[in-house]
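In what follows, subunit A forms one complex with subunit B and a second complex with subunit C.
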Partner chain A sequence: MSLTKYIIKRIVYSIGVLFGVSILIFVISNIVPGDPARMALGPRAPEWAVEDLRKEMNLDKPLVERYFLWLSDLMRGDLGESLRSRRPITKDIAEYLPASIEIIALSAFFMAVIGINLGRLSARFSGTWFDGVVRILSYTGIVTPAFVWAILFVLLFSYLIPIFPTTGRITPGLAAPPRITGMYIIDGLLTGNFRVALNAFWHIVLPSLALSMGGAAQAARMTRASMVDNAEKDYILAVRAYGVPNKLIYRRLLLKPSLVAPISIMALDIAALLGNAFLVELVFLYPGISRYGVEAMLNKDLFAIISVVLIIGIGYTIANVVIDVIIAHLDPRVRLGGAKSA
Partner chain B sequence: MKNEEALAVQNLRVNYKIYRGILKVLDGINLTVKRGEKIGLVGETGCGKTTTLKAIMGILAGNAILSSGRVTVNGKVVLQRSAHHMVRKSAKRVAMIFQDPTASLNPVFTIGEQMELVVRYAANRSSSAREAAVNALRLAQLPDAERIHTNFPFQLSGGMRQRVCIAMALAAEPNIILADEPTTNLDVTIQDQVLKLLKRLCDEQELALVLVTHSLGVARETCDRIYVMYAGTIVEYASSQNIFENPYHPYTRGLLAALPRLTGEGIAEGIEGRIPDYLNPPQGCRFAPRCEHATEKCFSTKPGFYEAEDGHFVSCFLYETERGVASDVSHSSDTES
Partner chain C sequence: MRDSTVAIDISARSAYAERLKRAWYRFSRSKLSLLGLLMVASIIFIAIFAPVVTPYPEHAGAFVDFGNTMHPPSLEHPFGTDAMGRDILTRCFFAFRGALIMGIVVLAIVVPIGTAVGLFGGYFEGKWFSTIVMRVTDVFLAIPPLVLALAIAALLKPTLTNSMIAVCISWWPWYARLVYGMTVSVRNEPFVKAVELTGMNRFKIMFSEILPNHLGPILTKMTLDMGWVILTGASLSFVGLGEQPPTPALGTMVSDGAKYLPTYWWISVFPALMIVIIILSFNLLGDGIREMLTSGE
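Coming up: the complex of A and B.
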């Protein structure tokens, strides 16, 4: 099976899963107690107003019918209206999602670069003080929640040593770049507003770093374990005996076959970022999709909840497909399809 | 030239440190290989054959401890236990073929990439590395060497992979090849082909060969001389013919008696008992607990080597009356013969 075929299959499969998820979320959010219309209007609103809103939202119709109404809207690109912001949800998402994508992309980058390099070096210098330090750092990284890192980083690098800004996407007073993708860094670069791009980048360094710590720690452990394991394999012993320099072995010959496991794990970590980002976004007062989603849940903002869940699902799928492509690039068995003979 | 030593292993002792203590595996191995000579190293699984080869290659596992010994390759000391530390140099002109061809090829690089590294670093050629690699593949009788050069290991069959490993060994331009049970993991139908190929290549290029196997039959077919190994010691060595026609050591005799019903594993079915525990190996002869001729002395003292016939050495007190040779000089007397 070729890689393209595999990816297409994967996407089709994911669409199926997303359908299932949408049904599940639809049912769950309708079963949990609390009347969305009442919550949207507040306890003081007169009963007739609540009744009107219910009608407007089709809440008076049976569940199955409502689901299909929602589905046909979705096909037209309409995600419904948020009960809280009273805006089309597509608008809300267009505002919050690009901000989150920026943070998550940078987190994924930090995760890979920090995790793999620390792992590689501690494998090469295993048993030395360096390995010990990385081990302690990794355990710390794995057990410490992202928001704790966020608070720590703010204290250290915003207050104590003021290098990075504390909150927001951009320094107040600086105009946001003209909207193209909604991602300030990209838009800034595209429109030649390099100062804005740099400023926006500066704002996401700390939150991204805080978010990436757990995944980076995990990746470092996995990379090290996998490399130390493979270092005793005959194919590495052989090149060592033939006098291939250690540097080349650790950077290339040993690293490449050892990356599949840590990168597969990273796919899960990256996908989980969207969910984990909530408290970090809160610490940095960063207008991202996680905060939006959590607030929607607390307010039983039906369509917003469903939309955010679907977006997380899509994000998960994309992260997985990207990782699959990277793994196929690393491992010829995946790229060229199954073993010819055992 | 012909009679010079290509490889000498002297009094090699290797221990492995494990959680439960220290495994005293190799207990003073001595062997010599002349230029162009093919020797067989025969013993049952777990007797330390792979450990011996890895010591020669300088690729012992991280938990291995060299407690004594010296390895000389082409007249140069490559491994030595000196007063306080281990001296290890990479052994040039020695190549090793591993037991499992799948594990000895890097799964994510092409055959060509891997072979060119060997050409570059082991044979010290940086120009025309590609031609050298393709050439080595042809020598190993791989059809369509150009294509195989661009293949990944998983695209080849087991037999082809082992040929690739042989080619890779040749690409290092060695004068000694260490082959660790090169056919054990292959289909029975191709075992013979691969063995013949190896033998022919060694003959043509005048390479010395150390063939590790647990089959005496395979060793006789391929090798000039055979070293019989038991539990980390050499118990007997002689020309292949002599080992078969006139075995002296009780262990060798047991092996030969078991030969007809030998099918790979369970080499020593004919002998009662098991290989000793390396945590607490027997103090004297390591075979004593299984030996029907063992005396008190066998349990308390390690036997030296006794020359039962010209060039036929046995490490057993039964032959003490023969010409005795202290174990650590056995290799030099061997060279003179």
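Coming up: the complex of A and C.
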């Protein structure tokens, strides 16, 4: 199978899965006990208001019909109205999602760069003190939850040594850049507001670091393990016998085949990252999609909850496809159907 | 005749004892595994005997002492006191109870369900019903588990039971996928083909011939997952969707304390540290079990 064909197959399958996800979320949100309209309006709202809202939310129709009504709205880009903000949910998402994309992209970057480099170096210097330090660090990274890192980082780098801001997206008083993508850093760079871009970047360093610690630790561990494994293989011994310098072997020959394992595990790390963002954005009072999701959850804002979960499901599915494509590129056996891609 | 059966019996038993002894040897070779076992045992001990081992058991409920609020860590209150004047060490130790119950109940529900689904899907791989079951599993796996658990918990009333339900719904697919993969890989092995030829009941083949091969990895994953399930429970209560006050929950304590950073840091740092210790303990133990099961073969 060629790489293009593999990618197409993967995308088609993912679209099928996403349809399944839409059914799953819709069914779960509709079979829970209690009346969503009543929950949204609270126990003191008059009966007629609840009745009106039930009609508006199509709660008087059967489940299957409601699903298709919701799906056809979804296809037209209408996610319904938030019961709390009384605005179209698409508008809310357009406002909050870019902020989260910035954090998630930066943490994915940290995860890959820090993790793979630490792993690579500790494989090359395996058995030395450096290897030992990385091993302890990565164990700590794995067992410490992201929100605990978040609290520790705020204490250490915002209060004790005030380098980074504690909360928010941008320093109050500084005007947000004109909206192009909604991402302050990108918009700032595009419109030449370098100060704003830098300020926004400075705000997301700590949350992104907190989110990436677990994944980076995992990646370091996997990279080290698979490089040490591969270093014993015949082809490396052969090259070594020819007198190729160690540095070159590690950088040119060992790294690429050893990346398959850490990158595959990154799919799970990204799942953890998307979940942990709900807690970390709360710690940093960061106006992202996860914090919007938490507000929706605490207020039983049904359609907003469904929409946030769906958006995250879509994002995660895309991330999975990207990871699978990278792996197929690194390891031809996957796309040739020799090994099963999970 | 009788003598020989007795002899077999004894040797079988001593062989079993011998295997246990070797397993323990492999496990105890690593100091870290022993440390993990000791830490897990202490956590369970503390949870069970919380009213006895904590200095102020009455602080575990809706206790208020405005004369003693926000005390920093001291000999009297090793972890300090919170905004209600309650001893944080006491509340942490009592919170171990909910955490352990969460982990045990969730795994007791999720492991059998996930294992059965995975066995079924793997054994009948290629048949249409297996395909449907595994596709449904894929759909569950397409949503990050914590996000799914948060959404479900949000739709239910915030209680410990409901957060366990929420975690269960998002956790079983991971076991289904693990067992599915292992089952597919042994499904065409000669030993399976051989029992199939004897005409053995298929369910019996799945559960008594195939399943025993998977018990090691399942046990390892369960031990590691104890920590992760407890963390998910703590994450739910951190957001405010878990067990409600005044019952102590580690996640709630961390998020409440976060409001008082940085001056009253101990209110959130110690409960957070307890979460880390719980995860660390089960990870060390799980790694030890993995080592024990894989190194001797």
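Convention: the second predicted complex is superposed on the first by the 324 of 342 C-alpha atoms of A that agree within 3 Å, B and C clash if a C-alpha of one lies under 4 Å from a C-alpha of the other, contacts with A are read in each partner's own complex, and residues count from 1 in each chain.
The rule is short, and it goes like this: a contact is a pair of C-beta atoms (placed from the backbone, for glycine too) under 8 Å apart; a residue touches a chain by one contact, two chains touch by 3 or more.
Small disclaimer: the values here were computed from a predicted structure and weren't measured.
Chemist: Which partner does A:V21 contact after superposing on A: first (subunit B), second (subunit C), both, neither?
Modeler: Touch status of A:V21: second partner only.
Chemist: Between subunit C and subunit B, which one touches more residues of subunit A when both complexes sit on the common chain A?
Modeler: The partner that reaches more residues of subunit A in the superposed model: C.
Chemist: Give one of first, second, both or neither to describe whether A:S29 is in contact with subunit B, with subunit C, with both, or with none.
Modeler: In the superposed model, A:S29 contacts subunit C only, not subunit B.
Chemist: After the superposition on A, what does A:I185 contact: first (subunit B), second (subunit C), both or neither?
Modeler: Neither partner.
Chemist: For A:V280, decide between first (touching subunit B), second (touching subunit C), both and neither.
Modeler: After superposition on chain A, A:V280 lies in contact with neither partner.
Chemist: For A:L253, decide between first (touching subunit B), second (touching subunit C), both and neither.
Modeler: In the superposed model, A:L253 contacts subunit B only, not subunit C.
Chemist: For A:A219 in the superposed arrangement: first (subunit B), second (subunit C), both or neither?
Modeler: Neither: A:A219 stays clear of subunit B and subunit C.
Chemist: Give one of first, second, both or neither to describe whether A:V294 is in contact with subunit B, with subunit C, with both, or with none.
Modeler: So A:V294 only meets subunit C here.
Chemist: In the superposed view, which residues of subunit A touch subunit B and also subunit C?
Modeler: 342
Chemist: Could you please specify the touching residues of subunit A with respect to subunit C in the complex?
Modeler: 16-18, 20-21, 23-25, 28-29, 32-33, 139, 142-145, 147-148, 151-152, 154-155, 158-160, 270-272, 274-276, 278-279, 282-283, 293-294, 296-298, 300, 302, 305-306, 308-309, 312-313, 316-317, 320, 342
Chemist: Touching residues of subunit A toward subunit B in the complex: what are they?
Modeler: 232-245, 248, 253, 256-257, 330-333, 336, 339-342
Chemist: Report the residues of subunit C in contact with subunit A in the complex, numbered from low to high.
Modeler: Touching subunit A: residues 135-136, 138-140, 142-148, 150-156, 169, 177, 181, 227, 231, 234-235, 238-241, 254-255, 258, 261-262, 265, 268-269, 272-273, 275-276, 279-280, 283 of subunit C.
Chemist: For the complex, give me every residue of subunit B touching subunit A.
Modeler: Result: residues 54, 57-59, 61-62, 90-92, 94-96, 98, 100, 103-109, 114, 117-118, 121-122, 152, 154-158, 168, 172 of subunit B touch subunit A.
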